[in-house]
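Each structure below appears as structure tokens.
Each of the two complexes below includes chain A, the first together with chain B, the second together with chain C.
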Partner chain A sequence: MVNTGVVDGDTEMTVTRRKFDALIIGAGGGGLRAALQLARADAKVAVVSKVFPTRSHTVAAQGGVNAALANVSPDNWHFHMFDTVKGSDYLGDQDAIEYMCRSAPKVVYELDHFGVPFSRREDGNIYQRAFGGQSQDYGGEQAARTCAAADRTGHAILHTLYQQNISARTHFFDEFFAIDLIKDKEGYILGALALEIETGEPIVIEAKTTLIATGGAGQLFRTCTNALINTGDGMAMALRAGVPLQDMEFFQFHPTGIAGKGILITEGVRGEGGYLVNADGERFMERYAPRAKDLASRDIVSRAIAIEVREGRGCGPDKDYVYLKLDHIGADIIKKRLPGIRDSAITFAHVDPIESPIPVYPTAHYTMGGIPTNRHGQVVVPEKEGPEEPVPGLYAAGECACVSVHGANRLGGNSLLDILVFGRAAANHIIEYLNEHRYHRQVDDDAIDRAMARLARWDKGGDGESVPALRAEFRKVMEDHCGVFREHEHLSTGLEKVHVLRQRLQHARIKDQSRVFNTARIEALELENLMDIGIATVASALARTESRGAHSRVDYSERDDNNWLRHSLYFEDGRLDYKPVRIKPITVAPFPLKPRVY
Partner chain B sequence: MAEKYSNQYSKDRLLWSCRRGMLELDLLLKDFILEGYDSLQLSDRKAFETLLEYPDAVLFDLLMGKSIAADQGIASVIKKIRSIATSATS
Partner chain C sequence: MRFSIYRYNPEQDDKPYMQDMELQAVSDEMMLLDALLELKEQDESLSFRRSCQEGVCGSDAMNINGRNGLACITPLHSLSEPVKLRPMPGLPVVRDLIVDMSQFYQQYRNIKPYLIVHDPEPDVERKQSPEERDRLDGLYECILCGCCSTACPSFWWNPDKFLGPAALLQAWRFLADSRDQAEVERLQELEGPYRLFRCHTIMNCVDVCPKGLNPTNAIGKIRHLMLKRSI
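Let's look at the complex of A and B:
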């Protein structure tokens, strides 16, 4: 126990300290894959997770993991690389993409050996299913590249990695919330301050290396598919530690989420003949995509819905959604082919699609941007020596990171691959770093006090605005101003609004001042994180005057490679900087720029 | 054991246990804690706590009606959770 100097009432608080070789913040697939690699190399590893590890959002990944195994169709990593570069709308870094696609078979076979029950072919090889965006021969015939464990791939990976970590003696801090990174005067990251949710007690976890693996930030938007835990905590911690956030304007949306809830209604519904209507009962997709209509690409359908709502043709009392109509398909077909969708609609929208249309709105799904890293998982920032200087002791992997393999848009099946490849790569680099840095650096109390101050702020009593109300208002502003409909005036107004909300949050108070399982305090800390990265998202989207991948501007509708083939970097002080895309792969020739047409 | 379930500490703990890896579970469980939990008998409260120990994928299948719980107590709680979810209050 050390005296931190932070005064709590009349007594100075003391904080427990623990020391590890590596601290991993986040216990999804990326964090657990890294932890396992480190624990097996005899590093002393701690994993901090705000929920029980197997309740991390990786569990929601049902699709699978891409690897060019060629078990079902002719395939190799070059084709996978081409598809990923094209899918990224050429914003992905081609060295990182090559590394990921070449590593993919190895990480899948490793998982197989760890015990992940991949679905099999009759010949015993791993079965692979076809997903959109997968091709043979650089854009030719459909490829089948996705390895899956039935429809529970994320669940199977997460549980397998957790059990392997228990066997390897990884130390878990379950239900601990990471507050902030601890950084010394020379810029080394030396661990983090965390809060034990059960007791409300802070703890300093000193570590020679820290890996952020906290996942995405879908909770930025009112309508999202992400679990409540996805509040971008690691991204906000990095931002506060002086690390810029990269490419935050790129956020993947799905056109049809249940309005106000976010639960995904798959394209399969429209494939079976379902269609969208506005408040006038008009089948409006005929105006936006006369040929493809309701089966147009995701971004076109998403933007059409947003425009209908924006122009006053939305449905419901607040005119803030459209309807997905299925009743004409017939009860038999709905029951036979869409039973899961029917159950979701009944459960979450309180409508039976056999009789009534489902209220839908575009739902935020995946954060392409995040903490900038190189392909070794090292967090990199612009310094005097160049645009990508490593922050000593700090790593990031998975959806919270921007390595950048997804660029402006992520392909299905590449997110699980990302967490596995770069969780593993980061761990390998950490092992090298630990060999060269054998001793803990001194942690000054000043560094801890800065993190403690963030915690102490919510101990202030008195009256103030409600955190849940501010959260709801913020998420609505994000959805209205920085969702799928983006143009200058709208984004500018949105940026002003989120800044005002961030100011108002300074004056918010929580009524419950207890220490034990004070979930109100955790939600307040989460909202601070969300607002910080929300500002980064809107500011980056406002500045990028082109349309590329998931970032679609109605006032700049074309991709602009002359001016915008570069990564955005948003700093905590509001400054924006840019760095070039790494278009040179490791061993092969670069894929030249082409229009992204499917 | 009754006291364990009757104070705010336990309810806050349960509320945090309802933070899951899937949005569907978050919504179903949180609504149930806020709207249905207080009226449960002790046996149902114990069954609910047992249910929260299930892996997310198993819980999802049970709550979305894709599988059926063999245990009568668990099945009873699942029915109550679904009843709250499908009542048109939000």
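Let's look at the complex of A and C:
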């Protein structure tokens, strides 16, 4: 025990300290893939997670992971790269996209070697299904590139990676909530302050490197596919440590959440032959995407559904959803390839998709933006030397990061790929960093003060607004003002509202002041994170006066490459800056800008 | 709707007690977890784990009207009043509906729940026929919620020595995987009077599994394989 000298009222607090080579915050697929690489390289690695690792949200990924294995259709990583660049509406960085698509087959084969129970083809190879935005030959015939374990691919991958980490004897801090990063005066990140949820005790985890792998912030919106834990904790921590957030205006709405509930129904349903119909029984995607139809990219399908409903062709008594029809693909395929979503449809929509269509509506799903990194997972910020200078000791990977491989719109099946490729890449770079930085830097007590103050703020008792009420109001504002379709007036009032809510949160109180497993305190800390991310999202959306990918401005309906082919950077003080898209790949010729049609 | 909920905060309470709570407006569409989230708005000190809300993360397992299940996929209208909620039995209670699952996880780790392969790695995937892969169905889907093991009397009596249905289901998952090469070691480690053989086929595990899995069947298959190996 070390006395940090932090004084809160009359009580002097002592804080336990632990030292590791590498700290990983978050135990989803990205964090666990990185942890495995580091543990196998004999680095002393600690994984901090606010939930037991297999409860992380990777577990909910359904459809699969993209890799040009060519097991089903002719394929190579160049086609995959083209589709990803196009899918990103040209906002993706082509060096990172090349790196990801080239690495994809290798990381998927590794998963098989780790034990992932992929579905199989007759020849014994991994089964691959068609997914949105996939093509052969640069925009030609539909490709089948998504490697699947039935419709439970995320579950299969997450559990397998956790199992491999058991084998590698990774050190886990299960049910520890990270409060803030620790940064010294020279700008090095030296670990984090965390709270042991079960005891309520703070702990300082010192590390030569820190990898943020905390996932997305789907809880920003009232209706979402995301787990309750997806509150953008790592992004908010980075923001507070002086790192801007990149491209936060790009938030993906998944076309097929169960209407009114948001429960995810995988794109794999359409990949297996399912399609969408409106109240007239019309297969309406033919009008919006004549070639790709139901397998156009997600932003396009989501907007199409929203338009069908808005123009009065929605289904049901309130005409507020469309149907996802799959009974025609047959009970055998549904039971074999889509058993999980069949369960979900029966449980939450009370329909068996073998017999009846599923009512669906677009639902908040994925944070394309996040902590800016390069393709080695290093967090990069604008400095005098250039727009992308690494923050020493700090890394990010997965949904919390913005490499950017997804640009303005992520393709289905590329998120599991992202976490694997960049979790692994970050770990490899960390191993190099550890070779060059063999000793821990000194962590001064005052570097911990700010994080301790963040924790102490909620120890104030007394009267104040309630956290759940503010959370509900905030998520409603986000949904109303920053949804599928956006417009200046609405975004500006939305921004004012979220700022006011953030102010009100300063005066909120929790009545429960107990230490042991105080979930009310955790929820308060999460809401602070979420609101900071929400402000970044609305502010970035208000500033971008064009429509690109998932960011659809009614008042600026065209893509504007002259002014907006650039990444947004939102800083904690509300300032916005921009940096160029990395158009140049590593080895191949760039894919030139084109109108995006499917 | 009326609820009777197990409450225990070790900082305040000498012993656990049941607290009556009530929700005015409940809809047919609500799951038990939705109700718990609303009850928590009434009393923020009510503590339970939760995350995905769709039955895949395994966080919100609890004892619901005497039977283990996941709150997020239990429809409220299927429950009789007052709805009695208790932590899963047999494990130490941390607070309210939250149990200390260390022992459960330890038993999972004990079965070496990872693929063991001695051959060099090929450049591509290891082949596995659809039929070989089918053997993993009903096994790999486990979400480690703990419903089965904490419904098992054998696990209650010997949580340190009997592996319990969840761990044994995973033991069979790796024995059944055509890619795994550690059959002999795995079977050896399941020998003895407790680890596997404390299962008395009471089948509570099968009854409560929220994913419809069948640990008893898996245990039977391990026994069968042991027998086959011994003759």
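FYI, the second predicted complex is superposed on the first by the 490 of 598 C-alpha atoms of A that agree within 3 Å, B and C clash if a C-alpha of one lies under 4 Å from a C-alpha of the other, contacts with A are read in each partner's own complex, and residues count from 1 in each chain.
Basically, contacts are C-beta pairs under 8 Å (C-beta built on N, C-alpha and C of every residue); 3 or more make two chains touch, one makes a residue touch a chain.
Because the structure is predicted, anything quoted here is derived from the model rather than measured.
Residue contacts after overlaying the shared chain place A:346 against chain B, while chain C stays out of touching range.
Once the two complexes are overlaid on the shared chain, A:552 sits clear of chain B and of chain C alike.
After overlaying the two complexes on the shared chain, residue contacts for A:94 are found with neither chain B nor chain C. The wider contact with chain A, measured as residues touched, comes from C rather than the other of chain B and chain C. In the superposed pair of complexes, A:84 makes contact with neither chain B nor chain C. Contacts of A:209 after superposition on the shared chain: neither chain B nor chain C is touched. Contacts of A:515 after superposition on the shared chain: chain C is touched, whereas chain B is not.
Common to the chain B-facing and chain C-facing surfaces of chain A are residues 51-52, 54-57, 59-60, 152, 155, 159, 198, 227-229, 261, 263, 340, 343-344, 347-348, 514, 516-519.
Chain C contributes residues 9-12, 29, 40-41, 44-45, 47-59, 73, 75, 94-95, 98, 100-101, 105, 109, 112-115, 117, 121-130, 132-133, 136, 140-144, 174, 177, 179-180 to its touches with chain A in the complex.
Residues of chain A that touch chain C in their complex: 51-52, 54-57, 59-60, 69, 108-109, 112-115, 117-126, 149, 152, 155-156, 159-160, 163-164, 166-167, 198, 227-229, 261, 263-264, 340, 343-344, 347-348, 466-469, 510-512, 514-520.
Residue ranges of chain B in contact with chain A, taken from their complex: 8-9, 12-13, 15-17, 19-28, 30, 55-57, 64-66, 82, 85-88, 90. Put simply, chain A touches chain B in their complex at residues 50-52, 54-60, 152, 154-155, 158-159, 175, 197-198, 224-229, 260-263, 340, 343-344, 346-348, 350, 514, 516-519, 522.
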